[in-house]
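Step one of this worksheet: look at the structure below.
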C-alpha cells in the first residue's frame, strides 16, 4: 500500500516536473500555459494527498480556473508568436547554472535540516471528522480575521487598478 | 446496522463496487447524451410542427447511433496552420470536466451489498461544490484552446467570447450557490441532499427561489446553450470555435454540450430539488428531475432568440451578479436574525 | 460683563469670509454691499453697547482672554482683547467710520469689476484694524498691524491691471515693511530687557505696570521707543517714510477715506499712546517725535500748496495732520493727539468722501461725453457749487473744520496741540512756529481746493459740463453724517479755558482718557490762572492765521485768478520743487532704491553665481561623473538584474549551507 | 512512505525551474507564469509543512498567497496590455528604458 502511494507520488511528481520543464522550454506561450495548468493540477493532487482538499479545490479554481484563463485570454488578445530564445545563449546557460546551483544548495539544506515532530493538533483523522473546509474557516475567521479583511481590500484595489490600467482612456 | 463499505474492511469488494458504480453512471450519462440529441430534434420538431427524425429504426430511435457512426467514420481533417497539440487536446479538455463532475452527485441513498452499506454516489467530497465550480472553470479551456488552435478568426473570436462569457457567468453561478450552502452549512453535496430531506417543502427551491432562477439562467449561459450560445453562433461566427473540427472531434464537442446539460440539470436537481428524494427509487427520481430540466432547456432553445453580446455581458455583470450578491446578503440577514 | 468683546472683530471677519468665499457666486451687488455693511454695522452696534457700558463703569480697564495662542519658554501669548477708554474710543471711531464708508462704497463702487473683492477686503481691513486696537498684547497688535498693511496693499492695488496702482501697492507694502521691522526690533528689545529685570511679558497692562523697572531716560528705553517710533513713521506716513501715502491715492476713494485718512494711518499714533508710559521715560525720543511730527506737518503742507490732483492735496493734508498728532505725542499731549486723531478722522473722511463724490460726478460726466480727461484734476473743475450742493456744503464745513475756524471741531483739537507745543515742559517756541506755519498753509491750500473745485467758472470740457449730477443718497448720506460730526465733534474736548465760560462745560475726552495717561500727567504744567490769558492770546493768533490763509486763497483763486501764474513765473524753481514734491521720491530712488538694486545685482553676480551655483553645480558634477562611471553596470535588461538577484540568493544560501 | 523531504525536494526543483524561466524567457507573460510556478512551489512547501506539523497556519498562508497572486495577475496583465498598446510588444528585452 505504501509503495503504491510512493509510486503514485513519483508518477505525479514526474508529470509535474516534465510539465514545469515544458513551461520554461516551450516556444509557444500557449503551450507553456497549458503545461503550467498541468503543473497546477499535479500540485492539486499533492494537496489532496496532504489531506488538504480545500486547498486543492481552491488551487484549481483560482489558478487553473481564473488566473490561467486570464493569462491565456490576454495572450490571445495580444496574439504573440513564438519567441526567439537563442539570442543570448550564454545568458541562458548562466541562468541554468545559477538555478542548478541554487537547487543543489536548497536540497543540501533540506537534507541537512532535522524535521521536527508533529506539534499541532490537526491530524488527518481530525480533518476526516471535522472537515477541512470547517478547519480552514475556523482559522480564517478567528486568528486570521484581520489579514483576511485586508486581503479583501487588496483584491478590491487590484480590481480598480486593473480597470484603470487596461482602460483605453481613463 | 451494517458497517459502511470501505477500502480497509473489504478492499476487493470495495474496488469492484466502485468500478461498477463508475461504469453504470458513465453508461447512463452516455446513453442520455445520445438520446438527448434525439429528444432535442424530436421535441423541437414537434414544437415547430414537424416530425423530427423518423426514418432510422422505429420512430427514428436509432438515429443517434447512426449519427455517431457516421461521425466516427468520417475523415479527420486537421488544418495545416493549426497548433496540432492544442487542436487535439481541446475536445478532450472540454469533455473530461463535464464527465468527472458527475462523480460527486449523489443519486440515491444507501444499498446493502455483501453485508456492507454502500452509498449511492461515486464519491462524497468535503468540498463538493468547490469541486464542481473548479471543474466548471476548466471547461473554458477546451473552448478557448479549440478556438485558438484552429488558426481561424471565427474560431478565435468564438473562443475569446466564450472565455469572457464563461468567466463572467461563473461568478454569478458560484455566488448563487453560496446562498444554498449558507443554509445547509456544508459544501458536501451529500450533506446538501440530507439537509433537504424530510419534506418537499424543505427543498431549497422554496427557500431560495431567486438563487434557483439565477443558477438555472447562469448555468445555461455557462454551458453555452441558447439563448446564450454566442461562442458558436452560426449566423455570425460560422459555428465559432468548432468551425474547423470534423469527424470524431466534432462529435466530442457535441457530446460535451449534452453532457454539460446533464451535469447542470443534475446539479440543479441536487442543490434545489432535493436530489434523489421523491416518490420512486432514488436514481429514478433524480433521472426524472434531470429529464425535466433537459426538457426545459430544449424548450427554451425552441422559444427564445439569441441575445446580443453586449446584452449578455450587461446581464451577467450588472443584473445577475448584483442579484446574487443581494440574495447572499438577504440570506445572511435571515440566518442571523 | 465684557466677555463678548470678541464679537466686535468677529463680525467683519465673518463678512469677509462670506463675501470672499461666496461673493463670486452671489453676483448681486446689493446683496454683497448689504452683507459687508451689515457685518461692520453689527460690530458698531456691539461697540456702542460696550462703549456706553464703559462710560458708566468705574473700573475702566478690562482684559478678555479668548483663547491661548502659544506658550514658548518664558513667552506666554493669548488671543487677548483689551477694552479701556483709549481702545473704546478707537473702536467707536473704526467701526463707525467703517460702517459709513462701507455704506458709501455701495454707491461709489457700483459697477466695478470685482465688487465682492472690494467689500471682502474692506471687512478684512476692519477686522485687522479692530484686532490692532483691541489687542491686549503687542503680538496680537502686531497681527492687526500686519493685517492692515496687507489690506492696504490689496486695496491700493485694487485696480491691479493699472501699473501705477500695483506699483503704488508694492511701494506701500515695502515702505511699511521698513517700519514693521523697527516695530519688531523694538518689541524684541522690550521683551528681552524687561525679561532681564525678571518680567517676561508683552501684555500692555503688564508693560505699563513694569516700565519703571527700566532706567528712566536710559539708553535702552530710548532705543526701544525709537524702534517703535520707526514703526509708527512707517504706518503713519511720517518723515522719512511718508512717500507711500500720496501714491496710495491710486486706490478707490473710499479706501483713501477709511484707510489712508481715518484709521490705519493713525495706528502709529495709537501705538505711541498705548505705550505712553514707556515713551514718557525717553525724553530724547519724545523730542525726536515732536521734531519729526512738526517737520512733517510743515513739509507736507508745502507740497500740498501746488498739487492739482484733488486726492493728492488731501493726501498731503493727511500727512501734515498726522504730523500734528505726532507733534502732540512728542510734547506729551497724548490726550490732545488722540482728540485730534478723532476730529481728523471725521473731517478728513468727509473731505475724501466729498472728493470721491466730485470724482464720481466728473467721471460720470466724462463717461457720458466719451472723454478721456482726468476726473481728479482740479484744473478741470470749478463752479460745482451749484451742480452738487450737498457735496459742496458738507465739503465746506469740513474744510472750515480743518482750517481751524472757531467752534468747528479741529479748532479745539488743533489749537490744543499748538498750545501744548508751546506750554508743555517738553514744548518749544520753534515747534509752535512749525505748527502755526503749517496751519497757515493748511488753511490756504484747503481753500484753494474749495475755490478751484466749487467756485469760479466751470472749466470742465463743454461737452461734459452739463452732465455732472449730484451724487445719490447712498453717497451723500454718509457725507452729511460726517459733516455733522466734523462740525460738532469738537465739543467732546472743549478746553478748560473756554469751558469755564460756558457753564463749566467739561473736557469730556480728557476726563475719559485720564486713567490711561495718568503716568504722564506730570508733563503738563498748567498754572491755572496765569496761563489762561496767554492761552486766549494764542487762540486768537491761530484763528488769525486761519483767516489769513483763507483770505490769501480767496485773493489768489477767486478775486485775481491770474495771481498764481505770476507767482509761479516769479519763483519757477521753487514752484517746480514744490510741484515735484521736493524731489524726495527721486532722492530715495537715487539714495536707497538704486543702491539696493545694485548691491543685489553685485551679490547675485559674485555670491550667487560663483559660490552657491558653483557649489550646487560642483555636487552635480561629482554625481554626474560617478554616474557616468557606474552606468555601465546598468544594462537595462531585466534579465541581468534578475540574474544578479539570483546570484545574491545563491550567495546567501551558500553562507547558510556551509556554516 | 512519502516523507516531508519528498515534497520539499520536489518544491526545490520546481522553484529552480521557475527561476530558470524567469531568467531566460523574453515574453513577459511567460516570465509572469514562471513567477507563478515559483509561487506554487512555495505553496507546496507550505502545505506539506502545514500538514506535517498538524497546524493550519501554513495553509492559511497559501490562501493569502493565492489572493495576492490573483491580484497580481489582474494588475500585471492590465499593465502588460497597457504596455503592449504603447510598444506593440511585451518582450522584456525591450523594457530597457533604464539603460545607459
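Order of writing sets the labels: A, B, C and D. Residues in every chain begin at 1.
Operating definition for what follows: contacts are C-beta pairs under 8 Å (C-beta built on N, C-alpha and C of every residue); 3 or more make two chains touch, one makes a residue touch a chain.
This is a predicted model, so every value here is computed, not measured.
Peer 1: Pick out whichever of the two, A-D or C-D, is joined by more C-beta pairs in contact.
Peer 2: Between A-D and C-D, contacts are more numerous in A-D.
Peer 1: Grab the C-alpha centre of each chain and report whichever is closest to the global C-alpha centre.
Peer 2: D
Peer 1: Mind checking the centre-to-centre distance between chain C and chain D? Centres are C-alpha means, answer in whole Å.
Peer 2: Whole-Å distance between the two chain centres: 75.
Peer 1: In angstrom, rounded to a whole number, how far apart do the mean CA points of chain B and chain C lie?
Peer 2: Going by mean C-alpha positions, chain B sits 91 Å from chain C.
Peer 1: Distance-wise, how many Å sit between the C-alpha centres of chain A and chain D, to the nearest whole number?
Peer 2: Each chain's C-alpha centroid was found; their separation is 7 Å.
Peer 1: Suppose each chain is reduced to the average of its Cα coordinates; what separation in Å results between chain A and chain C?
Peer 2: Their C-alpha centroids are separated by 79 Å.
Peer 1: For chain A, jot down the residues that touch at least 2 other chains.
Peer 2: 54, 58, 66, 70, 77, 91, 94-95, 98-99, 102, 106
Peer 1: Two or more other chains touching the same residue: where does that happen in chain C?
Peer 2: Where chain C meets two or more other chains at a single residue, that happens at 639, 643, 646.
Peer 1: What are the touching chain pairs in this one?
Peer 2: Those chain pairs satisfying the definition are A-B, A-C, A-D, C-D.
Peer 1: Which stretch or stretches of chain C touch chain A in the complex?
Peer 2: 639-640, 643, 646-647, 649-650, 653-654, 656-657
Peer 1: Quick one: in the complex, what on chain A touches chain C?
Peer 2: 88, 91, 94-95, 98-99, 101-102, 105-106, 108-109, 112
Peer 1: Sort out for me which residues of chain A touch chain D in the complex.
Peer 2: Answer in residue numbers: 2, 5-6, 9, 13, 16-17, 20-21, 23-24, 29, 32-33, 36, 39-40, 43, 46-47, 49-52, 54-55, 58-59, 62-63, 66-67, 70-71, 74-75, 77-78, 80, 83-85, 87, 91-92, 94-96, 98-100, 102-103, 106-107, 110-111, 115-116, 118-123, 135-136, 139-140, 143-144, 147, 151, 154-155, 157-159, 161-166, 168.
Peer 1: Given the complex with chain D, which residues does chain C contribute to the contact?
Peer 2: Per the stated touch rule, the residues are 631-632, 634-639, 642-643, 646.
Peer 1: Inside the complex, what are the residues of chain D that reach chain C?
Peer 2: Chain D reaches chain C through residues 19, 22-24, 92-93, 95-100.
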